[in-house]
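Once you scroll down, you'll see the structures, which are given as structure tokens.
Both of the next two complexes hold subunit A, though its partner changes from subunit B to subunit C.
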Partner chain A sequence: MESRQKNRYEIRLAGMGGQGLILAGIILAEAATIFDGKNAVQSQSYGPESRGGASRAEVIISPEDVEIDYPKVTTPDMLLVMSREAMERYGHELKPDGIIIIDSTYVHKPEKATGKIISIPVTELTKEKFGKTIVANIVALGIIVEITGIVSKDSLEKAVIKRVPRGTEELNKSALELGYFLAREKMNTIN
Partner chain B sequence: MKKEYKLLQGNEACVEGALMAGVSFFGGYPITPSTEIAESLASRLPLTGGKFIQMEDEIGSIAAVLGASLTGAKAMTATSGPGFSLMQELIGFACITEIPCVIVNVQRLGPSTGGPTSPAQGDMLQARWGTHGDHNLIALCPTSIEETFYHTIKCFNLAEEYMVPVILLMDEVIGHMRERIKIPDQKELMIINRQQPSMPPEEYLPYRADERGVAVLANFGKGYRYHVTGLIHDETGFPTNDPKETSKLIRRINYKIENAKDKLLDFQKDNTEDAELIIFAYGSTARSALRSAHEAREQGMKVGTFIPKTIWPFPEKAIFELAEKVKTIMVCEMNLGQLVYEVERAVKGKARVELLSKASGELITPKDIMKKVVEVYN
Partner chain C sequence: MESRQKNRYEIRLAGMGGQGLILAGIILAEAATIFDGKNAVQSQSYGPESRGGASRAEVIISPEDVEIDYPKVTTPDMLLVMSREAMERYGHELKPDGIIIIDSTYVHKPEKATGKIISIPVTELTKEKFGKTIVANIVALGIIVEITGIVSKDSLEKAVIKRVPRGTEELNKSALELGYFLAREKMNTIN
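== the complex of A and B ==
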């Protein structure tokens, strides 16, 4: 990695309101700052609707002693897309060696994407395993961290437990495990 | 004990700062993008013995805040553009009656309902001139989550010290983004409380100002009876038509801030020593400016930054001094040009003033700034 990238790892999570992407962004940023001792900024963009509109969360992670000036993502190192609209809007904005994780439940033809494409039906497989889609965001976090290693799994788990409602800890831990598993399985087939 | 980092939103950091400063009353009407401030204080204030009240609208909110403040409470409200517009008349009332309060405006795109979830810096001049008549007040503008915490404390301190409304001008980006922060112990901070009269009630005149020109208002309910009115009043607090008393009051409530200017001003200058071009930016836009200035230096352009943290009073002397040394001052703001007028006034023709404005509901990016820098550098 170049020094600039090492000093500033940019993550964009894009999809629809209601998918829990902003929460996923907060969890990732807390895993980085509180539990991994790094520096991070998390921000979001969303419409006036609480569900259905375009929703986007961004996280920038830097080493502990590096200040983050501009708080928004310019060209992501890692992009998660969970809707067709997000794919069309952000699919082409990625670093040359960037990684794009596509939830193929929503996006079937990633023809406009650049970078390394990892396509997994995240929401569909979440529903298959848990009978509901509510933890698809946590499954996606598991995939992201298994692939990028941008925060430690231990920190990610602590950050998830800190933020999810009491009584859902086990469900969310299983969701992370599913994410790790799906990512490993995918990487094996690619390699 | 080693303090641990927390990851807080700007709005949450504002709440932590307010509680640290000793806020004991919040009256408000929730509005995006400031809602988290009301939400959080609604659950936190009762735990500290404070009061939270959701009023019928923003006019009621600021009225409740001023009433609470008269009893000695450290009182605040939080709003955004539409609510800030409704509060203007009573901000003037607070100026002339010298009732301290903190008003947080997390700016969104206007006018009117505008863009509730979109950032903007469109209320910069309204903060200074939104209410009618000659008045003066203080406004601060944070560029980070940590600064939001410390600025909020400072707002309360200045309000109590100068008996004046103090406005915290945040924007949607600062309000909603999250950054790490270490919350200090209260004993590490300077907290200013309101001065109280030293004489017995029968000798007390509420608007006989101290040597700084600041009224000493006794907390209501402590045995000091006095009259509070938005009409021109003399030292007793009762209305007067006397031209001498009128002029005395108007001048005093303005000059008590003007005369304290050197103490109030806070700004950050980076790489200005050899600079040919200075980027003037504030709030979230300042973050983009810092990045662009860094990139411009890498490309061999002598670019520095000037970031005002106190917006009102305006740091005109510091800007004039810079203008004498540089070719260009480039103002970047998320509006069609507001503080650029103040900069032009301060520069007095000593440097070229350029404006980069954006009013699309998006943050000005380092790329936007670089493009303009390259355009105007020579």
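== the complex of A and C ==
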């Protein structure tokens, strides 16, 4: 786990409608702010691509004493990519020390890219474990937080519970655990 | 119904956590973009007030051929206020020709204010009609759209159906109808 103490940490979650990326963005922002005491802006920009089924959510997180002046992600520190189109569109927009997490269910790992690439078949492994893909977004959140440490796991869990439908709390907690596990396993392989 | 053809129409939805304002913002943005073919940015900024239970969602809507450069609401064209704190904090931030919709369940109509004030006990009437307040946000969306015409009703309904839990479609459609009705009734009284 890397500790992030940047004044402005930019996260982009990109994929397709139906993957729950906006909910994931809201959960991450609420974990950071309501439960971790930081500041955040969470946003979605909808252009023509949204009518083609693309979906993109962004979160900017800053420490408690830093106000977020410009509320749009310019060059992400962390990019989650869950569709081929998203990879084509956003794969090259990343800080030099940034991290790309690729759902290899949908996206091939690029041969060349800026930053550190972490490729995990998130949706496929979610389906394997839970028999459905509905919580792949929550598994992805687990991966993101295990890798970046941008919010505490305790806050993340609280934020997930706050936002998911009643009756699905245990499923979603297990989804987070799967994400943590997959990220740890991957980091051990890389390091 | 006023037709809005501005190059940039700014909407702020302000109240408390649990009132579903973020969902309302997302639905409005998706009605405008996915179903009405416009552009939109939807965002929530979380600061210290969010830890005190305040909630605020913003939507900027532009025509198809106008890109949204600055993604933050500066001075809203339309403000929905669903808590006393939100009224104190945001009640004075409005364009001169702007519209404030006040949920008078929680907020007293101010004696002096910029813009046009529409005061309706949204939450109270939702409770009266449906026996619960959970769809007060959807009733509010109906009111907003009847008054501003910022998205088509057909697109609004599609966007609501896309986002609400399965099995609650009819309840939410009725909530929209209640909103349209309340707004029409109010406009007839004012005009």
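Keep this in mind: the second predicted complex is superposed on the first by the 176 of 191 C-alpha atoms of A that agree within 3 Å, B and C clash if a C-alpha of one lies under 4 Å from a C-alpha of the other, contacts with A are read in each partner's own complex, and residues count from 1 in each chain.
Methods note: a residue touches a chain if its C-beta (ideal position, glycine included) is under 8 Å from a C-beta of that chain, and two chains touch if they have at least 3 such contacts.
In this text the structure is predicted, and so the values were computed from the model without any measurement.
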For the combined arrangement obtained by superposing on subunit A, do subunit B and subunit C clash, or do they fit? clash
Does subunit B (first) or subunit C (second) touch A:Ile134, or do both, or does neither? neither
Which partner chains sit in contact with A:Gln44 here, subunit B, subunit C, both or neither? Use first/second/both/neither. both
Check the residue A:Ile117 against both partner chains and state whether it touches subunit B (first), subunit C (second), both, or neither. neither
A:Pro165 in the overlay: touching subunit B, subunit C, both, or neither? Say first, second, both or neither. second
In the superposed arrangement, does A:Ala54 touch subunit B (first), subunit C (second), both or neither? neither
For A:Ile34, decide between first (touching subunit B), second (touching subunit C), both and neither. both
For A:Thr74, using the defined touch cut-off, is the partner it touches subunit B, subunit C, both, or neither? Pick first, second, both or neither. first
Set intersection of subunit A contacts, subunit C complex versus subunit B complex: 26, 29-30, 33-34, 37, 39-48, 68, 71-72
Touching residues on subunit B, where the partner in the complex is subunit A: 4-7, 32, 116-117, 173, 176-180, 284, 287-288, 290-291, 294, 363, 365-367
Could you list, by residue number, the parts of subunit C that touch subunit A in their complex? 22, 26, 29-30, 32-34, 37, 39-48, 50-51, 64, 67-68, 71-72, 165
Residue ranges of subunit A in contact with subunit B within the complex: 26, 29-30, 33-34, 37, 39-48, 68-72, 74
